[in-house]
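Would you mind keeping the following structure in view while I ask a few things?
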Amino acid sequence: MVKVIVNGAKGRMGSEAVKAINNDDALQLVAECDFGDDLAALIKNSGAQVVVDLTAASAGFSNTQIILNAGACPVIGTSGFQVEQVEQLQALATEKQLGGLIAPNFSIGAVLMMKFSAEAAKYLPDAEVIEAHSPQKEESPSGTGIRTAELIAAARTKAPIECSDKELIEGARGAELHGVKLHSIRLPGVVAQQTVFFGGLSETLKIEHNSQHRESFMPGICLACKEVVKRNELVYGLEHLMD
Amino acid sequence: MVKVIVNGAKGRMGSEAVKAINNDDALQLVAECDFGDDLAALIKNSGAQVVVDLTAASAGFSNTQIILNAGACPVIGTSGFQVEQVEQLQALATEKQLGGLIAPNFSIGAVLMMKFSAEAAKYLPDAEVIEAHSPQKEESPSGTGIRTAELIAAARTKAPIECSDKELIEGARGAELHGVKLHSIRLPGVVAQQTVFFGGLSETLKIEHNSQHRESFMPGICLACKEVVKRNELVYGLEHLMD
Amino acid sequence: MVKVIVNGAKGRMGSEAVKAINNDDALQLVAECDFGDDLAALIKNSGAQVVVDLTAASAGFSNTQIILNAGACPVIGTSGFQVEQVEQLQALATEKQLGGLIAPNFSIGAVLMMKFSAEAAKYLPDAEVIEAHSPQKEESPSGTGIRTAELIAAARTKAPIECSDKELIEGARGAELHGVKLHSIRLPGVVAQQTVFFGGLSETLKIEHNSQHRESFMPGICLACKEVVKRNELVYGLEHLMD
Amino acid sequence: MVKVIVNGAKGRMGSEAVKAINNDDALQLVAECDFGDDLAALIKNSGAQVVVDLTAASAGFSNTQIILNAGACPVIGTSGFQVEQVEQLQALATEKQLGGLIAPNFSIGAVLMMKFSAEAAKYLPDAEVIEAHSPQKEESPSGTGIRTAELIAAARTKAPIECSDKELIEGARGAELHGVKLHSIRLPGVVAQQTVFFGGLSETLKIEHNSQHRESFMPGICLACKEVVKRNELVYGLEHLMD
């Protein structure tokens, strides 16, 4: 069994993670860590191999350093890392010969949706992203929507068809990022949905993900705990542990 | 059998209508009319009860007058009528005691989608319209999308939930008409689709129409031919002949 | 404000109803009733106008009698009534000049889906029902699926197109009820979904409902409480209070 | 430019292929072959590198032998090959050091749908296949549906959740192949659609393909013509030329 610490164990995500790790036969929860606890000491005393970090974004960088320096594999669920920070942490992991993961999204379904979208875009460059969330969501488009558009743009091998895009009402054609259109829907009754809509010659392909609860992140967190201990480098994005 | 003339019988829509009327046991095609023919004379000589007009938008108003004055019921498939024009034609039909129809959309599925959307909006005021067409379509949003948003706005009995609508990329939240958001997708492989997406408390309702060919207008045209002869007023919108 | 008692207030549905009624400005919760309490006495002492009954199916018939005899309007959320029982309760309500409702489904979205399906079937007789629930659901098809198929079959004005229905693997074409095909999907991550899929000439129409939580029944219960007090007959099905 | 012959050039699929190859700048149509023509002689005289065979299923095996023996790469669009026949042709291609393709489906969208379904099934073993075609289709489930179920079954690394599968009406839970449920919908207005529906913990993933016309096979045929000339083995399934 892989020995795991959850950092941020009392938070909404952290308490779900504690439950999920306790329910996974291949994982053993050796400690819960929260504000005020000495994470480095806990790692040493418990013999933890992996630390799942679900604390605030601001602490993500220094926590990852602490975990690696203490000899454990980090599984980091905070977003907002800068490219240079990720590179610095990757260098440290390689030096220590430790596996690790920084993941903006732990939902296996969402990660597959993004992976498949990138792959489809190689053959079907005409694609638009439609994401739906609750009206409480503050910003549009969603982070997952933006990430998906970036992946599609990077994977395209030919240009999409030109549209006239004459708008009778401003905004009808949505937002545009690297030539990919994004549309954000905000409605009650929706938690988190995204459809990636591809068009080809007399055919269409849709990839649609629907998440109803933060519980949907737990299988991805458990999978990551089992995978990082087999690796000796830190990767960005759960898809790199799913091959 | 109801006796019918098709005006504009050589056009793309007109030739489909000729075929559809010939295939309908309750309808008899008594004449085909095209550019250069005297429509009023044709009506009188053929004893037509109904004229289906599928000519250019510019001729719609005067053709409807000719048809009514010749004693036949008009079924008009051109768009772009002004409100005053419709009122004037309605007055003429009532005076002549003739039924008639002016319809921007003859697809039975699309008409049902609009009707149901208006009805749903009474109970579920939170709604957004997502329409998809081919990249060749010149303007966004589509006429059907705009009409649907107008119907939803008019049917709402309470205000939708407020959203922050802070856009990280301009246009993400789509176009807005009377407080209803509209999103236009343009992709190859799509002919004409529309989804009306309603959100409620822990539930959602979607009404989705998909049209693949102008052939989809024919059942609505045939239905109209059979209905207008039973009426003595001119209506705007096929839904008024479907109760 | 309409004065309401919740019967079965400690149950899963009942406790949600207590919360919802307390949050509705037009409703006043005057008592909670549970196993062992004297419902008739509670109605008299509290001056309740409406009783929402969310107890077990076996008690539904006698509870409705008690409520009507005590002079209140019943809003009954139990299923499994026999046709004769409903008729007997309707006669009693009419005699007492009281409004009432027995509803197998209080979700406004699901009720609209069924209503629209019946209406669409008048024009588009070719329809199939696809419902999805969690693997824990014991029986297939769902009650809502069966009710929808019955409504479609009753509303059709012409026969659907004949299919060959030759099955290479048994069951491929689903269940059949009154000439309507039903398909039941059982997957984790799904709570309760249903799509009614209509086909026409080169067009399709889909009506799709998605419910994520029993909370979705509350707006329908609150709507019923406000409507029954304006009526003097008992109806079966929430749609009869939504016009 | 790759030199191509179309065999079966006067058929419905063949005539579309002639058009598509003529419109592709990287391909040159050097001959059209039909019933009565000597294919081997045509290959030699024209210097063709690739032969696209869109003739009847019965001729597929011997045509592939002729093509390979004449030194060209076969792109075969007929179905119904036996496993032993494919193996025999693969041995011949390897001996001749020629690339080739036998493909039951040339639609790029459909191939991607199947590929993604197999990949998703590794992580999300709970999956059902829903396919829709016109009422004219003779057999259920479709060939693509069956192939998808086989791929899902082969890719699963753990067992799906057990369902009670008690059917109130026979057939509700659909057909079953290797533990994967299949549902076949037959409606007018549909050409060829398939949805693969995956369920996970509080999340779902859908992959949905929609084909409207045989034209949708042409990009796959053109892609194959360009790829087989770079290879020295014969593969079964277009996905093996898309990596």
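As written, the chain order gives the labels A, B, C and D, with residue 1 at the start of each chain.
In the analysis below, a residue touches a chain if its C-beta (ideal position, glycine included) is under 8 Å from a C-beta of that chain, and two chains touch if they have at least 3 such contacts.
Worth saying up front: this structure is predicted, and the values here are computed from it rather than measured.
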Pair sharing more residue contacts (C-beta pairs) when A-D is set against B-D: A-D
Self-contact between copies chain A and chain B, residue sets same or different by half: same
Separation of chain A from chain B, taking each centre as the mean of its C-alpha atoms, in whole Å: 45
Centre-to-centre distance between chain D and chain A (centres being mean Cα positions), rounded to whole Å: 34
Whole-Å gap between the CA centroids of chain B and chain D: 40
Chain C: positions in contact with at least two other chains: 189, 198, 200-204, 210, 212, 216
Overall pattern in which the protein chains touch one another (line/ring/star/complete/other): complete
For the chain C and chain D complex, residues of the former touching the latter: 126-128, 130, 132, 135, 137-141, 146, 161-177, 181-190, 197-204
Contacting residues of chain A [partner chain D, same complex]: 107-110, 112-113, 115-116, 119-120, 122-124, 198, 200-216, 218-219, 223, 242
Residue numbers on chain C that touch chain A, as the complex places them: 189, 191, 210, 212, 216
